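Both complexes shown next keep subunit A, but they swap its partner, so subunit B is in the first and subunit C is in the second.
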Partner chain A sequence: MGKGRYLLKRLIYIIFVFFIISILMFAIYKSMPGDPVEIMLGDSKTTMKPDAYQALYDKTRESLGLDEPLPVQYLSWMGNMLTGEFGYSTQYKQEVINIIGAPMANTVILNILTMFVVFIIAVPLGILTAVRKNGVFDKTVQVLTIVGYSIPTFIIALLAIFLLAVKIPIFPISGVRSAGSTATGLAAALDMLRHMVLPVLVMSVSGIGGITRYVRAAMIDVLRMDYIKTARAKGLREKTVIYIHAFRNALIPVVTITTWWIIGLFGGSIVIESVFLWPGLGKMLIDGLMQRDFAVVLTMQMFYVVLSLAGNVIMDIAYTLVDPRVRLEN
Partner chain B sequence: MRNNKKKTRRSTAATAAQRMVLGGLPQEEEEILQSPLQMVISSFVRDKIAMIGVILFTFIFLCCVFLPYFFPIDLYYQDVTQANVAPGFGMLSVPTQLKNNAQDLSVGSSFSVGLDKDGNVYEWGTFPNEKLKNIPSTSETGKLVQISAGLDHIVAVNEDGQVFTWGNDRMGLASIPMELRSGGNDIKQILAGYQISLALTEDGEMYNWGSDYLLSITYPEGVQGNIDKFAASTNIVMALTKDGEVVPLTNKTSAYTNIPEEIQGNVVDLALTDESAAAVTADGTVYAWGNNIKKTLDIPEEIQGQVVSLTGGRYHYTAILQDGTVYSWGDNTHGQADAPSGTTVASVDSGYYANYAITQDGTVVAWGLKGYLMGTDALGRDLFRRILVGGRMTMTVGAIAVIISSFIGIVIGGISGYKGGKVDNLLMRLTEIVSSIPFLPFCIILSSILGNKISETQRIILIMCILGLLSWPGIARLVRGSVLAEREQEFVTAAKALGVRELGIIFRHILPNIITVIIVNATLSFATCMLTESSLSFIGFGVNEPNATWGNMLTGAQNGQVIENYWWRWVFPALMLGICTISINCIGDGLRDAIDPKSKER
Partner chain C sequence: MKKRKLLSLLLTAVLAVSMVACGNQETVTNNAQDSGNTQTEGTTNTEGTTEESTRPTEPTGQLVIGTITQMGNDFYDASFSNNATNYKTYDLIHGYSTVVADMEGALLYDPTVVASHETTENEDGTKTYTVTINDGLTWSDGTPITAKDYVFQLLLESSPEMNGVDGYPSQAGYSLVGYQDFFDGKTENFAGVHLVDDMTYSVTVRAEELPFHYDIYYATAAPRPMHVIAPDCDVVDSPEGASITGDFTTELLLKTINDPSTGYRYNPTVTCGPYLFESFDVASAQCTLTVNPTYAGDYRGVKPAIEKLVIKTVKSDTMINELKSGSVDLLFQCSGADTINAGLDLVDAGEAQKNTFFRNGYGKIQFDCSQFPTDSANVRQAIAYCLDRNEFARQYSGGYAAVVHSYYGLAQWEYQESKDWIDQNLNTYEKNLDEAKALLEADGWTLNADGTPYSGTGTRYKDVNGELKPLVIEWANTDGNPVSDLLSTMLPEAMTEVGMELKATTMDFPTLQSAITHSSDKIYNMYNLAVGFSTVSSPWYYYSTDPQWMQGGYNSNWIVDQELADATAAMKPIAYEDTEAWLSAWQTFIDLWNEKLPDIPLYSDEYYDFYSNKLHGWQSTSVWEWSRAVLDAWVDA
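Coming up: the complex of A and B.
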């Protein structure tokens, strides 16, 4: 089986999973409190005569398609979701599609930067500890990484705020740009970067803890293999052995865990966004729930689902890239 | 009979399996051999980090399970006067210079003040306001003779009748009426209350300054100039006239204004708590009226007829009897009703949750609230007690979620791994679907949509179920993998050959062999579930107030001001949660190393 066919098979499967989860989402959508017709009609219930209201109610209900059987309703809802008609936000008095751009950009920037920081630190650290297994350095890093991934992110956030925003006020406590800042271009970007330092730092800590341990474990497994001995026996330089021969093989388990971590990262950034008042998707989701703005909530949920499935696709692609044996499976 | 037969068959299979695992070892050597379990235990005990984790976690666990019985908590209790009190036990530590030389003492919200016979001011306890430490110098005040502490300010009066105040100066607390500022009046009584100050002259004229928003003080006609004493709580001010009548200084009717008719004209002393009022009549009997939530109306029978004077704290009364002994009753959460017996006192001051008495030989005796081990939160709740019950809640939610997820994981993973083929394919697809669901967003949305319609207890159960139902895929995959490896072993073939039913093989023969893997995984996911629960509670979608969890105790600590000024409000819950999850992860890691010697080489 070729790589292409393998990927196609996975893609079809993921579409199937999306279908199943979308049914779940539809169930959530239907179980949301409040009658959508009444919400749409607003206060006309009190101003109109009962019969006239009832007639209007039935008409609106029909026009919204709520009298159709559930499968039909599901299909039309799904169609709307896929074409970007996420509904009307009662909180922002706008179509949801028009307001999710900026928060999405904020969240994606935050998470991409975190990923970058985590990989820059965790991968070399993991390799280094694996090579110097059981040394003092390794032991120290081992303990620190346990601490890193055990402590909840919001506690790290509180600590970081206390140390770096309150005691030594170098970074702003919250927000995305300084109040009243009119800077543009580079200055604005720098200002935003300054606001991102704390959230990114906090989100990186647990990521570094987890990924370092996985890289280390994978590297140790690989370093025991016979082909590493062969490579060393050939007289290759130690650097070549570690970075070319060992690390490429260690990547396979690391890819799996990284995908899950990235999906979790986006979900976990909900907490961080609410602590640092970062105007991203997570904060929007929470605000939406607080304000009972369910169109927004459902759109956010859809985003997380799509992200999670996209993560799966990326993982599959990454597999085929790092592990040539993948096409032999299945 | 048939049942019996089956049992013997099974045990034969088990022994056969055991023989196969251990090989044909001679029986005598078995004693010096360690069983796999012993090996695991001994290598686990040798792991220092894991053992530290076990000790720390066991300690916190036992504290959270047993200490709430010794430190009971009323989850709905709140007290604004005790808000944001720093940790410490210095509230009753009367300075030694004052101990035998006290003129007047007064209990404030979380601090106390005292005057010695030379007019020097002493302050001790936990200060809600830094300005309280700006005691005016003696050159400015002259010799002070009376002092009173309130929520966050102090009022004092000197020999010449001049009134001074320091501490909180907002809400008009600093604007002492001119007549009192200049002196010349004989001040009979002063009182610093909740955002208000009160003073009474010998002529029976009363003054009040500060905010009377809560009290709405009005003087009924003919009362001014005829007042003998007054008492105040956060709800009302009441006066005792020179004719022995109790007069509420307000227009509003409430439980306090419902004064028994028979005592009017016969009252000699008056005291107020936050839920009731009490008066002593000339024959030494105490009458109390108001609400009785904290048992302040349950006047002990044995003191009736002997009471001379009465003082009140927030939820307790202290009485001096004819023979000079003191007696307290009412709320005793902080020991404020544990009056010392056998001492004869000259005067008593009660307030908030403490009492000071000056004995007849001039020494100071104190009882009541000494302080809070971990301080209090914004609603005046004792953090230590909340951390104990919060820990119990966090661990319970985590444990039950893990039990649910392990159970589902074992069943699905076990069946899938053993059966293989189509069943395996189907169950694994299901596992993948569940693990594709974005975890935290789904928890949030489910708990907020489903959690709206139900009670708080049901909501907690719901959260356990959500956590359990969404986190089983990991365990299922692991169990499936282990079962796949185990089912090819000879003892399984032996069991099959002996005719053991499939479920029996899975759960009786294979499961015991992979139980260690499951335990390790359950330990690690216990930590994860605790983390998820506290994250959910932290952002307000988990366990809600007034129920405490370590997560929602940190909710209030999200702004820079709290983080900076009230460090105890986030440090202690965060420390507990951090120590707990770190130790559990260390234990899990240690167990894994102990069980899997291969991973130990890492």
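Coming up: the complex of A and C.
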């Protein structure tokens, strides 16, 4: 009952916050200087006669509903969005739903692979460094993770391109697929995988740095606990002590970070997408902002708002799963 | 101590790797070569020997073209997508326009398409162009191309039904008799368009659109596959004009043109250009075209010799590396010293070839001439005298740019014909602060802030209707723009010395655009922008004193100068064939522009095409761009 009431209250809270944020977002974007209709019509202004252009401008403005007062525009936008109509992109001259799929897929695929690489390396590394605290291995990993964590992504990206695509040309410099490739099925997947190596490598470097240190700190705290000493005193194998008793108790901070990573699966990186020409949501968001393509920008922003709010609830539920001491109550 | 050593070692290693990576960046140097002409190396170096390649008789091979503008999934015309690469791809897919521009940019009836043409001047001042197309032209699916397909394009792209497809402008027949009634849906017949017979159409131009220097352009039409876009419709003629019969509705066009997967806009399967649309990979923003075996050739009869074209996005920072690695074969219109020097190193090493030409346009300081104090020509000229434009162009481009002195592009035939005249007659505005001061004095900027005579230091003031106004120039620029950065370095000091104050505001482009069009609250005195000249350059719109051309974005200087307007208006009615009269009027305009100085031209880039050794016969210019040049080129099998 406690859990149910808690979740209901959180749901009401999410809906309330969602609407407040939507009003704020809408107001902020609408107050930005720059005319989306003028940007949408682009060169037409200087290829059409002025009277014809003005007629087209007025008609376009009307068709986009931009001639209505702002509260009416907000209600119309929100009403449409809640029914799955995300609006019309003034930049692409298409429905937002038709243009957002491919970049979203690119971003998610890249982020899933990165997450997989990061967690498969960082979690064991964090545990190992915690167990071998202050040893040579720990110190070496500490330095490397600080370096990986501190160097800006674009520098790592340029270094990776220079070393692994220019000097030793084993990976492509940029792109999603080989130019002119007619491969299908497994061959196409492998080709794409080959193009993903450098961006995943670069994204993983800072991720591994951060999460290794996070897991290490959590594990060190847990390894100091009395129940670990008890487990060892009982004569349990060291592996059992570390992976069953210690790591499970160190999972709460890991769950926090994992949840944000999962939410972040849908967040594009403008740096990575620009350097490796990987058309994703990051570039789409920036382009949308620069082109005053509010339908695209607002759709993406509200999607992130929903993800973040839902992420908080998922995180709370996950805490209860990994740690029975945690209860969801009012 | 050991730990510190280990840390130092690791950091040193990281630093060393960084330096190796940075070592790839080229030093900016001046271009030592003569950059006045287009230069092409059309031969392949094979192990130190030079070997001529022969153009194959059948299309063969693949060319991967790198573009820094990411393509979108839209292949109708520029009305739907402003993306330059998309438009060039459209150009490759579509063909058989009746009027085309040749390699020098001159307009002509395409002899491959047009069997005959006739012009009739009517008593009511209108003009009728009758065009008969050649027999034997076909769509890629084998369907014969007839005059109906041309008339269909004029009707379709002027119709209210097409206007309902994502706000398509429907302006194709704007200058023709009866356009407005047809566009407004008042009549189903377009009075100015006639289907004369199966292979002949005619268009009649409104009297108020004449005389017009480029009037040959009114005769142009390009075929659209009626059997694909409006399968159950037909084009018929009547004394009231041509019309489309059948179920021709916006709903039909939304299906045949706008359907995201099968619509002609996204998947143009039946076309008639030199290449056919094969696919567009949305995930990688990569387009693949294959040669059209039914293509009859361009205006010279030239057909493509490359079987497959792939157009992919590249990044300017790494595109030369992509060329070196073989992931692209052609990089067109490269600019900037870093890229050019890296490309030239590749050429020197025998790993690539090059082709160079000047941009047909320039980067500029654009003045708002309706705004005080840049409404004064003296102030605009004084700013020009504060800037060493040659040094600016050298620093900006690393030596790969030229300086122009008026409203012309270096690829325009008028410029080519007037080089000596320009040298003799135009003011080059060499940096001269004394001249700037004299101009300001003559303009009345002779006071201090307290109204006493100007002391020689600080900002000048002028008495304007009893009010003392300072000589402050408000400059709007965009973030991360190297031209803005360089101007910020080179201009303020000199301007301060002559008694001007430069106030810079940085903003994003849409905000800047609002200021230029006077849509925002604040209007600035100057902006740094760029201009490019098309083959149909119409300065009479850009310097018209009629407010509609200012509000309409043509006269973006907002300059009201009757002399300039008259000089350009005199050019408009000159017959296209009368090159002598045109050149004379052009020189008068250029001379006047140079004096009025609504813009300060800063630099005209020298563009480089870098391409793989497997590509041959590459000859492109800023007029004959890559999408045309690719027809003459071929690749090694």
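Observations
Methods note: the second predicted complex is superposed on the first by the 251 of 330 C-alpha atoms of A that agree within 3 Å, B and C clash if a C-alpha of one lies under 4 Å from a C-alpha of the other, contacts with A are read in each partner's own complex, and residues count from 1 in each chain.
Everything below uses one rule, namely that contacts are C-beta pairs under 8 Å (C-beta built on N, C-alpha and C of every residue); 3 or more make two chains touch, one makes a residue touch a chain.
Being a predicted model, the structure only gives us computed values, none of them experimental.
In the superposed pair of complexes, A:T153 makes contact with subunit B only, with no contact to subunit C. Once the two complexes are overlaid on the shared chain, A:N106 sits against subunit C while remaining clear of subunit B. Contacts of A:D51 after superposition on the shared chain: subunit C is touched, whereas subunit B is not.
Of the two partner chains placed around the shared chain by superposition, subunit C is the only one that A:T60 touches, whereas subunit B remains out of contact. Within the superposed three-chain model, A:I21 lies in touch with subunit B and out of touch with subunit C [touch as defined at top]. With both structures placed on the common chain, the touch criterion links A:Q94 to subunit C but leaves subunit B unconnected.
Contacts of A:V166 after superposition on the shared chain: both subunit B and subunit C are touched. Legend: residue contacts after superposition of the two complexes on their common chain; A:F119 is shown touching neither subunit B nor subunit C. In the superposition on the C-alpha atoms of chain A, the part of subunit A touched by subunit B in one complex and by subunit C in the other spans residues 32-33, 143, 147, 151, 155, 158-159, 161-162, 165-166, 173, 274-275. Note for the complex: subunit B touches subunit A at residues 49, 429, 432-433, 436-442, 444-446, 448-450, 452-453, 527, 531, 534-535, 538-541, 551, 554, 557-560, 563-564, 567, 570, 574, 577-578, 581-582, 584-586, 589, 599, 601-602. For subunit A in complex with subunit B, the touching residues are 13, 17, 20-21, 24, 28, 31-33, 133, 143, 146-147, 149-155, 158-159, 161-162, 165-167, 173, 216-217, 220, 263-264, 266-268, 270-271, 274-275, 285-286, 289, 297, 300-301, 304-305, 307-309, 312.
Note for the complex: subunit A touches subunit C at residues 32-35, 38-39, 42-54, 56, 59-60, 63, 92-94, 98, 102, 105-106, 139-140, 143-144, 147, 151, 155, 158-159, 161-163, 165-166, 169, 172-180, 274-275, 277, 279, 290-292.
Only residues 3, 6-7, 10-11, 14, 17-18, 20-21, 24, 62, 64, 70, 72, 74, 78-82, 163, 166-167, 169, 171, 174, 260, 281-286, 288, 308, 310, 312-315, 317-318, 321-322, 324-325, 327-328, 507-511, 513-514, 517, 519-520, 548-549, 551-554 of subunit C touch subunit A when the two sit together in their complex.
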